[in-house]
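What follows is a pair of complexes built around subunit A, which joins subunit B in one and subunit C in the other.
Showing the complex of A and B:
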């Protein structure tokens, strides 16, 4: 199996100035990426995800640890001999070569004959929807087209691993969606293993089989998109995934009580005692039907609507309860009968709440 | 609008003629004059005596031209070989004493050549390099290298490491990376540096004179005695020849550069 194994790889950047203690450290990271998998590293800028990518590529020398593929140790192999490919944020097409020559460059380096490599380049250009563009020079293409060429150039030599460093972040939003779709399609078609770096969680959720969330040089959690969203290990992960309604509190004797003494709910006994956060996902919060009394398996929330914001076909309601600010989502239908300043009764099933350690 | 643009054009042409054309015209006149004395505005009689002397006859002109070009081209070639790696390390490496290296490389621009050449002369005497073309070539490096390095450094500065990283990820080794990615990018810088290097080397008098000790005869060495008191007609003819050689060399380099880029373009066109 051509799995990529990252074993305790680490990197320290010593700050040159002794006063500056913000020297960056990438904590030892262990990770296995399966053949044909689309794996994303998600994290805010400066969290070390690009460093990790470049360590895998070999463009940066690691301070410790190993990169293995197919059970070969690649740590000491220079990047040009790893048979990996990389797409950068900028397309980096060689300006003095035509599009075709750019795509064929990798094959040229492998000493493939001219006719063969140009044939394959044309074929690959067709796959990214750029047939007939081969004779043009890169400066005659738009940003999106350039990035397509960069993708074709990376794939033409059938790399064992495709590394992508925020490849679409310089494109405008609609183009970014097209590129996402194209990449998804092509990745399926060529069954190429992809290690993708992004700070855009929608992009990561849309494309990835698995996602690794990174922060401050640490890999916090690895899992599928749904897994991460439903069961974030820590509040950092939750916060980065954009989860709303984090309520601080403690768990004692099988009960969670919020710090500001508003909520008290039973929790499964599996949960360790100590300080923690309660997460109420906005979409899990339901409007309580009139005349219904919430049962023991649900939590009751009462609050005043402060604001209703229209967003992608539903409404985001900002709610003020006794001590907290909560966010919940309402359908257009529900929002019709609401107005700012109104008191509403809401409930959430205990199955839908999640508690994470601090 | 149209009228003013015409006017500026005419003024520009007149100024150009005054500052560039006129001195040349005077040189041409002077070179073909015979006894051009005050208060005559134009020479009284003309003769091609000086040109005859310069171009044919007993003079060493063509040998000197050959040496001048040989030295200038060799110096420039050595400069390119030295400047490209130097520029790479100056730009890419985070050196602690970078300012020191830069100061040493750029010192010849600031320090008068006479100061340095005395020391060089002494050393070369011991090494037996005086009176040789090799010695002159080595001595010419010091005033020319700074310009070459400067030009290539500026080109290198505009080449982000990402380009080389990209080429690496596509499987390009050190040599391929340099040839396919770095060289095309820094070519304009190399060309600019090479023009300066050739011109400076061609016009060296002092260094050639001291290190060559009169045995390595370049064009300026032939030219100077005539300027400083000999025959103004012959000095003029030499000056024109000198200018002609310099211009031809630059044009030749320009053509070579254009050919280089054309080759790249047609190669891509056919591909």
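Showing the complex of A and C:
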């Protein structure tokens, strides 16, 4: 199996300032990316995801650890011999070459004959929707088209691993969506293993089989999009994934009590006692039908609607409870009968509640 | 109206002087080359000077020598300049210290030295009784200093070629370095990821990228060396001499009757230079060396 194994890889950048020992440290990271998998590294700017990508590419020398593929140690192998490909934030096409020559560049380096490499380049251009653009120069293409060429250039040589460093971040939103769709389709078609770096949650969720969340040089959690969203390990992961309604409290004797003593709910026994956060996902909070009394398997929330904001076909409701500010999600139908200042009764199933350690 | 024309009026004295001296001199030379020379009583227009010049073997020998020296000087300066520029570029890529800046300054040094001084340095270094021959003789590599090849005041023009190669190489590197400086550091990374080693990167990316700027810079050196006077005058031989020196010889050593020939030679030289200038301009416009670079 051509799995990529990252074994305790680490990198330290020294600070130029004499007082700081190191400006940035990528903590030892261990990770296995399966053959044909689309894996994303998600994290804020400066968290070390591009450093990790460049370590995998061989463009930066690691201070420790190993990179292995197909049981071969690639750590000391120069990038030109790894048979990887990369798409950067900018297309970085060579301006003196035509589109076709740019796409065929990797094959030329592999000493593939001119006719064969140009045939393959044309074929790949067709795949990315740029048939007939081969004789143009990069400056004659739009930003989106240039990034398609960069994608074609990366895929044409059938790389063992495709590395992508925020490739769509410089594109406008609609173009970005088109490119995501194209990448998703092409990745499935070619079954290429992808290591994708992004700070865009939506992008990572849309494209990835699995996601690794990074922060301050550390890989915090790895999982599928749903797994990460439903069961974040820490508040850092939850906050970065944009999870709302984090309520601080403690777990004692099988019960969670919020710090401000508003909520008390039973929790499964396998949850460790101590300080923690309760996460109430906005979409899991339901409007309580009139006359219904919530059962023991649900938590009751009463509060005043402060604001209703229309967002992508549904409404975000800002709710003020006795001691907390919460965010809920309402359908247009539900929001029709609501107004700011109105008191509402809501409930959430205990199965939809998640508790994370502080 | 006044506001609009003010800058032009302010420039008028400077432009007037340049136009009068340059075009006036050229026009006077053109008239005299066609035999119009009232000082010696010639007021007719005829092409005799041109005919005589084109029929003389001295002219053709001089033209061949001038072309050879200009071509070889430009080629050597071009190759040397490109090597300097690429080396500085790679040095700059690999080191972040001030070392590359020091090398930059060092390679730019010949730019600050006048051509005549440059020529004199070559004389001191490469003549048979020069610095280099004495070192080689002392080291026992040659028996006598007379065994050292004649590189200065030689009929082939090696001394002139060496001077121009040394003096113009920094000019060429200076012309192509801005193009190199615009090569993204990331292109090196792109090339490496796609399998290009250092030589592949230079061959596939750096050289094609600098080729238009290099060709134009080398062409400029060719045009300059083709019409340059002082170094060939200092380092050349009496016969054959390069066209500008031949023209000077005709103008100063002959009688007044030889002057139309000397001036006809100057007009031919100016015509060839202008023609080459137009060629350079055409290619520089056509290639637009930084087109599409961001």
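Of note:
Convention: the second predicted complex is superposed on the first by the 355 of 358 C-alpha atoms of A that agree within 3 Å, B and C clash if a C-alpha of one lies under 4 Å from a C-alpha of the other, contacts with A are read in each partner's own complex, and residues count from 1 in each chain.
As a working rule, contacts are C-beta pairs under 8 Å (C-beta built on N, C-alpha and C of every residue); 3 or more make two chains touch, one makes a residue touch a chain.
Note that the structure is predicted; figures quoted are calculated from it, not measured.
Placing subunit B and subunit C on a common subunit A by superposition gives a clash between them. By the touch criterion defined above, A:79 reaches both subunit B and subunit C. Once the two complexes are overlaid on the shared chain, A:57 sits against subunit B and subunit C alike.
Of the two partner chains placed around the shared chain by superposition, neither subunit B nor subunit C is touched by A:242. Contact with neither subunit B nor subunit C is seen for A:268 once the two complexes are overlaid on the shared chain. Looking at the shared chain after the overlay, A:138 reaches subunit C, while subunit B stays out of its contact range. Judged by the touch definition given at the top, the superposed model places A:96 against both subunit B and subunit C.
Note: residues 57, 59, 78-81, 83-86, 88, 90, 92, 94, 96-97, 105-106, 109-110, 137, 153, 157, 163 of subunit A belong to the subunit B contact set and to the subunit C contact set alike, using the contact criterion stated above. Across the complex, subunit C is touched by residues 54, 57-59, 78-86, 88, 90, 92, 94-97, 105-106, 108-110, 137-140, 153, 157, 163 of subunit A. Remark: subunit C residues 184, 186-187, 189-197, 200, 204-205, 208-209, 291-293 touch subunit A in the complex. Subunit A makes touch with subunit B in their complex at residues 16, 57, 59, 78-81, 83-86, 88, 90, 92, 94, 96-98, 100-101, 105-106, 109-110, 114, 118, 135, 137, 153-154, 157, 163.
Across the interface of their complex, subunit A is touched by residues 94, 162-163, 165-173, 176, 180-181, 184, 261, 264, 268-269, 271 of subunit B.
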